[in-house]
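Have a look at the structure below, then the notes.
Chain lettering (A, B and C) follows the sequence in which the chains are written, and residue indices restart at 1 in each chain.
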Amino acid sequence: MFRKVAASAAFLSTLFVPAMVFAQDGAEAVEAVEAAAPGLDPMFVVNNLWILLAAVLVFIMHLGFSCLEAGLTRSKNTVNILYKNLAIVAIGLLMYGLCGFNLMYPGDAWMADGIFGFAGFGLDPGVDGQTAAYADGAYTYYSDFIFQAMFAATCCTIVSGAVAGRVKLGSFLIFCVFFVGLIYPIIGSWHWGGGWLAERGFHDFAGSTLVHAVGGWGALAGAMVLGPRIGKYVDGKVRPIVGHSMPLAAIGVFLLWFGWYGFNGGSVLSADPDTVSFVFVTTTLAAAAGVLAASVVSIIVSRTPDLSMALNGALAGLVGITAGADVISPLEAVIVGVVAGALVVGAVLFFDRVKIDDPVGALSVHLVCGIWGTLAVGIFGTDKSLGAQFIGVLASAALAFPAAFLFFTLLKKTLGIRVEADDEYKGLDIAEHGQEAYGGFQVFSTQ
Amino acid sequence: MFRKVAASAAFLSTLFVPAMVFAQDGAEAVEAVEAAAPGLDPMFVVNNLWILLAAVLVFIMHLGFSCLEAGLTRSKNTVNILYKNLAIVAIGLLMYGLCGFNLMYPGDAWMADGIFGFAGFGLDPGVDGQTAAYADGAYTYYSDFIFQAMFAATCCTIVSGAVAGRVKLGSFLIFCVFFVGLIYPIIGSWHWGGGWLAERGFHDFAGSTLVHAVGGWGALAGAMVLGPRIGKYVDGKVRPIVGHSMPLAAIGVFLLWFGWYGFNGGSVLSADPDTVSFVFVTTTLAAAAGVLAASVVSIIVSRTPDLSMALNGALAGLVGITAGADVISPLEAVIVGVVAGALVVGAVLFFDRVKIDDPVGALSVHLVCGIWGTLAVGIFGTDKSLGAQFIGVLASAALAFPAAFLFFTLLKKTLGIRVEADDEYKGLDIAEHGQEAYGGFQVFSTQ
Amino acid sequence: MFRKVAASAAFLSTLFVPAMVFAQDGAEAVEAVEAAAPGLDPMFVVNNLWILLAAVLVFIMHLGFSCLEAGLTRSKNTVNILYKNLAIVAIGLLMYGLCGFNLMYPGDAWMADGIFGFAGFGLDPGVDGQTAAYADGAYTYYSDFIFQAMFAATCCTIVSGAVAGRVKLGSFLIFCVFFVGLIYPIIGSWHWGGGWLAERGFHDFAGSTLVHAVGGWGALAGAMVLGPRIGKYVDGKVRPIVGHSMPLAAIGVFLLWFGWYGFNGGSVLSADPDTVSFVFVTTTLAAAAGVLAASVVSIIVSRTPDLSMALNGALAGLVGITAGADVISPLEAVIVGVVAGALVVGAVLFFDRVKIDDPVGALSVHLVCGIWGTLAVGIFGTDKSLGAQFIGVLASAALAFPAAFLFFTLLKKTLGIRVEADDEYKGLDIAEHGQEAYGGFQVFSTQ
């Protein structure tokens, strides 16, 4: 019977042959596979498939970030926030292909051993073909790239939340090119690229520090250089600026949680049943515990159950467990989530007290809980050194924060990074885009 | 080349080895896998992966439920609904880990044979390690737990829809602890846990009864004990209280349908190609038929095509096919969906006639179509007994409804379960949370 | 230990046996699998699983289309748009099961060789059982059906966007029955069904022409026969009618991009690691490039970064790469995306200049970039003929456009296809459904 396969056989036949083998019985199957596809091992196929699916799950986290940030801010900045987040994804993916991947995984091309390396511009599966280059791996070169590329944009999306409502679009996107193209991959190379942190026994499974805290440091730098939104801190008092759509925020958090199964689960780097299922359980329990802890603490603090806090509690638990999802027991994962959920509420209050305006709580979630999660590995993980975890946290901070701070300051002195006060009142949608998020929205009657 | 793998090799090497083996040809592959990973069979890896992915798909159904319930109710209760649904997920997951899993699957630890058993608190993959404990299974202990845990919260989310807009938050969450931690797993143990219903030949593939009708009975009890929302039934007439966002409701239904592929497909409990693909087809056709049937019937009844009915028709078809997705032919699946789609419209009218106020149609979808789907197995399924199906339906009802009714009544007499009339007018968002769902929403101009 | 497996063992045991085998070591595993499941090859299981997962991903694209179309139009037509899109999915799936699948893949049942064939009504896995019928394939009969069925509805959803805000619901749904049940599968049979285009060396990997341009031709016919919305072109000037919810539009685009990994990745028709990962990379880079190109061009044209253009740029890149995602290098994929992103902005201006009113830019995205992507295969793909690509584009157009135009005209002369002007002012939600999308929406305070 003819199917698509037959139709596009010209090009694909060599690739498809193994897949099309279907055996009448086990013995024939093995024989047929061996004959038709020397080198195509089912274990390789399933491992590789999981990495690709994990990449897809991480991709949808970007929609999660967009919805969360848009939902927790006012409707007058919504177009701007959606645009920023879409552009960050595009920039992140392209920059990671252009240079980030080869900065983060320099292979043998270290220039300063374990500190800085660069394997050249662009993507190159190698002379032996895509697969051969990964003969020791569970997935192809391109699977590796796409999974890692989906991660990369995340660190800028975190920054985006903290600077929402007042940052100049163009300047921020230039910052993203720099941060995602240079800073994020260099810090990543120290650990995941096999650099000096990897040799010190630092353990950051899926990036509490390398992704979340690094993004958090950039966010802190951005929020500090920009200053708070007009009207947030008046006469020494905090005046909450409430979000414009809690359903949008909730969609954001659920999608982030959903995608986190790819973020953490894919970081196993294979479909190994024991580890992936274990990581799913610790990830889930930490998130659930974060929700309840943030709820309880926010009830104690503000007398009412606060939805934004409960939502951020889920993210806090997720960020917290990310460093040690593979080495922390389910019960300990609950503890990690409880602490993260409590921390996030305290941190929101703290940053408001020191007048660092963070519209979506990005610092509290990603920076504070990213650090907590990294240290938690030293506390709970067997054979893990709290000292090594501290070193990893400090080292990442020592590059991410000053680099981001200097770059934001440089932008401030040159292009400017903050919109005019008038434009801030008007909202960035009109000021920067000449568009409204809800222009055609009309409610005919209300009950 | 160094990659994450190398960096976290310390802990993971023993687990990763099999995954990292990539063979130059088939024969070497088999040899290498056997040498490096005694016990890691590719069939096990792919089966386990599917169960984990199915769990992720079921997870996102909780966002679907949240969006549907929020969309079909007024904006003044939106924060409350989102909060409730998030908290239910957190409570459901943690309670299932604490005791639900071991109540539902007591193994040898039956106290009353086939009726009640409990294998102890907490999670325990057993002395032989996670995998060995499941040597006869297609997935690990933790995969089993996470897939089942994602199901558990569902039964409370169903209740949530029926009590929306008037229930006290705290009391409802206490009910959830009880219902998801005790009632749902006990009923589940009768069939899926290998208890007395399993021995009677009852067939409920993925839970038309065990999940949906059980949740539906809880919803009926809640709606009855609470009474209708103020203004719903005035002078013997039904005054529809319309939803505040049909896009949100539509997002909810599409996400539920999306997640149902994990709900039903994962219930195959392996990635067996024949069964999973068959289940996908029956599930899809029943949903599609439900949409069209509910549309046609609602046009006959109300002269216009009603979007809420069409949306609920999709869910009706899905709930209806859930019990027999594995034993009902594609053509019969269409019939199951058509009947379910028609039933849901009739049931909505019926519950309004008897003045049971169900804001989102949870009773019509989950209870009525859950029962229909269970009986449909007896009608269409080869070798299935309609009698056994009736027994399963009645037995579940006999525990779920009275238990929920009594517990809600107990809460009513003690903590109270209904908010003050004033708070109901104001909306639960302000009354219970001091927050608005759309506080920062401002439309500048309308066309 | 008893689990669901045990409970439903009666029916499923024969299917589950292979899945339940878990071996103590590699050698035993292979032996056990061979003994228990003659014919169940792990490669088959993983390939089949990927096709099913791809189908799930394509399914959620329908939510993406719904959100995008609803978001980019006014709130008074939202119920209508959501209803239309839900009904299209239901109709598409059922029609594809009834006749579409067997028209598109006639097998040996060609009536006019390579031009028209029909293998009969309904689904039939064949006398040898589902699996045996596909002994030469990587997936089961039902997996093939469900993956292809998810595609089918897409071509009508594309039309839906172009006729939004003025089309009569009933007439449009009749058009869908015709277009998805007859036109789409016949054109598909020419290439994917092994017909005459396949023999000419035409290459359309996942449907830039067969899905997107075919839908686009239907959309053009619909927009032409209907005429523009009242108020769009006044005194020779274009008066933009802005969307009512950019978050909804953004959710739509992100979900479409997300689902596209199944659309393109699943079109590999196996989980072959090399090809699927390659397709993921080209798909991703083209989308990212489309975003940036559309942004830059829209800034040049309108002086401000336009969010709708950036969103449509992502889709443009995705549509553009769809024909050649398997044969175009990553760098060339960026070029394809850049051109598509630029084209989409120009095309939107062009269609407005010629007064063809396309509320969501469906023509610019799906028709224009579908053609571009198909031709790009001739330009960039090794061993691909630009001539053959032209023939494919023209042939599809030669059936899709006249057929759609005639059918829309026929409907116009009989049932009518356009609502009364009064109803258009009022909005289709009230006029056709008697429902509002945001009836219960009330904002209490704004900041």
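Heads up, the rule we're going with is that contacts are C-beta pairs under 8 Å (C-beta built on N, C-alpha and C of every residue); 3 or more make two chains touch, one makes a residue touch a chain.
Treat the numbers as computed from the prediction; the structure is a model and nothing was measured.
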Which number of steps is the smallest that gets you from chain A over to chain C via touching chains? 1
Give a one-word verdict, same or different, on whether chain A and chain B use largely identical residue numbers at their interface, taking over half shared as same. different
Taking each chain's centre as the mean of its CA atoms, chain A sits from chain B at a distance in Å of 29
Got the chain C residues that touch at least 2 other chains? 30, 33, 40, 42, 44, 46, 49, 53, 74, 131, 241-242, 245, 251, 436, 438-442, 447
Counting only contacts in the complex, chain C reaches chain B at residues 1-8, 10-12, 15-16, 18-27, 29-30, 32-33, 40, 42, 44-46, 48-49, 52-53, 55-56, 59-60, 62-63, 66-67, 70-71, 74, 78-79, 82-83, 86-87, 89-91, 93-94, 97, 122-123, 129-131, 139-143, 145-146, 149, 169, 241-242, 245, 248, 251, 432-447
Chain C - residues contacting chain A, complex: 30, 33-35, 37-44, 46-47, 49-50, 53, 57, 73-76, 105, 107-108, 131, 134-138, 144, 191-194, 198, 201, 203, 205, 241-247, 250-251, 253-255, 257-258, 261, 265, 267-278, 280-281, 284-285, 287-289, 291-292, 295, 302-308, 310-311, 314, 326-327, 330-331, 334, 381-383, 430, 436, 438-442, 447
